[in-house]
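Labels for the chains are A, B and C, by order of writing; each one numbers its residues from 1.
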Amino acid sequence: MRIDRRQVMFGAGAAALLFPQSALGSQAFTDSGGRKVMLPDRVEKIFASGGPAAVVVYVMRPDAMIGWPRAIRAEEASYLLPEVRDLPKLGMLSGRGDTANVEVVLRTRPDLIVDFGSVRPTYISLADAVQNRTGIPYVLIDGRFEATADSLRTLGKILGVPERGEMLARYTEDLFDRLDRALSAIPENERPRVYLARGPNGLETGLRGSINTEILERAGGRNVADAGGQRRGIVQISPEQILVWNPDIIVTWDRNFHARIQARADPVWASVKAVQEGRVYLAPTAPFGWIDRPPSVNRLIGLAWLASLFHGDRFPFDFRQETRKFYKLFYHVDLVEAELDTLLTWADGRPPGAPNPR
Amino acid sequence: MRIELRDLAFGYPERAVGSDVSLTVEPGEVLCLLGPNGCGKTTLFKTMLGLLRAQGGEVLLDGEPLGQYSRAEVAQRIAYVPQAQTSPFPYTALDLVLMGRVAHRGVFAGPTLKDRELAMAALNELGIGDLAHRDVTRLSGGQRQLVIIARAVAQAAPLLVMDEPTASLDFGNQVVVLTEVKRLAARGAGVVLSTHQPDQAFAVADRVCLMRDGRIVAMGAPIETLTSERLEEVYGVAVSIERTRSGQIVCAPLYG
Amino acid sequence: MKADRTFWIVPLLVLLTVVAAAVGLRTGAYPLTLDGAINALGQLWSGGVAQTAEERVLLDIRGPRVLAGLLVGAALAGAGVVYQGLFRNPLVSPDVLGVSAGAGLGAVIGIFLSLPALMIQVLAFTIGLATVALVYLIAVAVRGRDPTLVLVLGGVVVGALAGAAISLLKILADPYDQLPAITFWLLGSLASIRGTELWNVLPAVLLGLLPMVLLRWQVNVLSLGDEEAKALGVEAGRLRAIIIAAATLMTASVVAIAGVIGWVGLVIPHIARMLVGPNFERLLPAAMLIGASYLVLVDTLARSMARIEVPLGILTAVVGAPFFLWLLWRGRHGWS
């Protein structure tokens, strides 16, 4: 009997090698886009189809990663597990602006392609297109920030790590609860008016409701770039508009811009309330951006950090403890003191000049 | 000013057109160049003006090689009337004629009063003074040709080189131009012009140069050079050279 | 008489430019009062630093922006006029030799490497100049029969290469961070221009303008074509090199600070030519004045249409196209 089973398995394994499309003993799963996808029993290799997906796949199953959508920078690498640092850059395969070479992807034989982000009909049809083209099951998971906890649970289940998914989901729900409780005590007019400064001049920003600024808004800030909800997305503004808005807080992750503002070199910015009160904050971006870049679960730590910046004592936040916990829980790394210091000083406006040796 | 061509070979970088051309033009002399299409008249003119590099031999202005002179200096000595091209820009006739005075000024200078006077005088001399403020792109081909000639006149150079100056002109204007040529020669300028009409050579030329395939076939006084045999040899048509009752020599093709 | 009519046009255009600048200074998101404006001017006169927000808006934001609009518009239109005369072609713009593509490449490289804003401008300027130098060297090396044609073709090729490089960098760029910045830069904007940028590029623009003004008579002759120009006594090849260098200097300077703004260098020269004729002595100042007022007005529109900025490169074409079509329809043909 044993021999028979081995023979069967051998034959099945050969069949799997010859016909990678036919997933062996698969289970049916309905993804966030309502698509019925046949999942493989064992998921050993996952291809993350874009930036946000790469983050969640790393968070969930770093052992199954086969590559990154874009190259990892030196200063980011030290905040990641050693095994993933040297994974090849494979490009994106989300159906929009693809940069991945499909044959290269196929050669690595992933069991599953994970996409994390918008589930609008466009992206559903793109997901179908990629799945048909490559023959690899492609799951589309809801990337909306509000749905993070549920998405983490779902991912845990389909990637074979349900307990981990549950743990991360609980962390997320706790954080959201804590935040909402604090916010319920803070009326609208006591919430700070916030401006997200992007680009080398700081004149690029995200309108209220766009994915790029939703962390700021979720943390209880009032995005000054408000177009009445008519439009979303990234826009350019004139410096006069900054003066008119006169935000209480400015957040950025562009180091050049931050340095210039801190140096009070520009008289226009120097007259803005946020600059005068010293409330211009630089978001760390290692290994992933704290408030964006990409818009994925990496923003959870940014959410807590921003909430403490915005509301002070009303949202207590022990930087070192919370950061250490988050990085351990999500990114699988134990931060040493030096690294924590780096992140702390980074968030304090002094980004690192050289990569952190690990 | 005297221009001399010594064993001149001329052509384009990829193609030789002519060679062994030697001739001189003295002040006050009119030299007519005749020859079939493609015999190299225009190429020869461009080489004389320094617009094309000579492939052999030399061009001498008052005994000095052409290369010794700057462009402005050459332009002060030789005025060129090319076959009329269409300029895409709507300059006025006066503007265009004024450009003929550029060589007499410094690089940064604009037209002086004297320049303007000379320009208007040139236009009047050619009978197109009323076109002075007209847009040249709206003029007929013939009128444009007259403007170009006026420009050469305004340039006040001691030598004029004219490439088929009567080509697009009506009968009356042809006479105007040829009269002007004689007038210029009488004032001491040398004129080299190419033409397809042996009659014109007989009318204005002191000497005639017959060319074929880039070489000079014959040169000398019109009556001696433009014989009916020579013309038949060069053009391939039978002609009869006759003296009219008023004493002019005409060349009549024998159709039939 | 036509000569008399064009005589008055240039002074009228000066008036138009002043009006445009005034409109630009008055319009904006920040409310200004007349008192505030007068105080601000007083501050400027006495050499003091802007104290109140109103003064800051006028002296540090709107003032430089309006001046930038004038400078960029004038430079692009002036360069366009020169290039169209030089190449005897109505479809030519200052971009024909690739300066905008090169400057764009420089800026995109700067953004891609996350360099500070000043470095991005320096890169744009130098690579813009280098691109035209490369095209010119190619033309000299090829030594074709028609020098202008070789220049144009060289510009097309090198410009295409620069464009390909830009596209490549766009793919490699971080889509959440650098790509939007690249896109906005390539669309052109005067939003981030301050006094310092203006002072930085003004010398370069003036240095480019000087030969064009001094040599304006010779440029007229050059527009007849190389052969005729040479026969009339103009050193065509040398003049062309100087003029190209001058126009490129002007263009590269303003593209470095304002991004790629199309249309102005292509169509404003036509409008100017329709008004004053092709004589460079009148055409250059006319085109520059029209370009200056046009860009200031369009930029004022761009920043006051909505709370956010409409990219300038888009608006210049959208506003200008119908106007130009109307001018064409009125019956003027060809170059006139």
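The criterion applied here is as follows: a residue touches a chain if its C-beta (ideal position, glycine included) is under 8 Å from a C-beta of that chain, and two chains touch if they have at least 3 such contacts.
These numbers come from a predicted model, not from an experiment.
Asks: Of the other chains, whose C-alpha centre is the longest way from the centre of chain A?
Replies: Here the answer is chain B, farthest from chain A.
Asks: Which one chain sits nearest the middle, judging by mean Cα positions?
Replies: If one averages C-alpha positions chain by chain, the most central is C.
Asks: Take the average of all CA coordinates in chain A, do the same for chain B, and state the distance between these two points in whole angstrom.
Replies: A distance of 80 Å separates the two centres.
Asks: Approximately how many whole Å separate the CA-defined centres of chain B and chain C?
Replies: From the centre of chain B to the centre of chain C is 43 Å.
Asks: Find the geometric centre of each of chain A and chain C from their Cα atoms only, then give the gap between the two centres in Å, rounded to an integer.
Replies: 41
Asks: Within their complex, state which residues of chain C touch chain A.
Replies: Interface residues on chain C, with respect to chain A: 28-30, 49-50, 53, 56-57, 60-62, 65, 111, 114-117, 120, 171, 174-177, 180-181, 184, 189, 191-192, 194, 303, 306-309, 311.
Asks: In the complex formed with chain C, which residues of chain B make contact?
Replies: 12, 46, 49-51, 70-76, 78-80, 82, 85, 87-92, 95, 99-100, 102-103, 105, 107-111, 133, 135, 137, 155
Asks: Write out the stretch or stretches of chain C touching chain B in their complex.
Replies: Against chain B, chain C makes touches at 1-3, 85, 88-90, 145, 214-218, 220-221, 223-225, 227-228, 230-235, 273, 277-279, 281, 334-336.
Asks: What residues on chain A touch chain C, complex-wise?
Replies: Its residues touching chain C are 51, 70, 97, 99, 198-201, 203-204, 207, 212, 225, 227, 234-241, 243-244, 253-257, 259-260, 266-268, 271, 289, 292-295.
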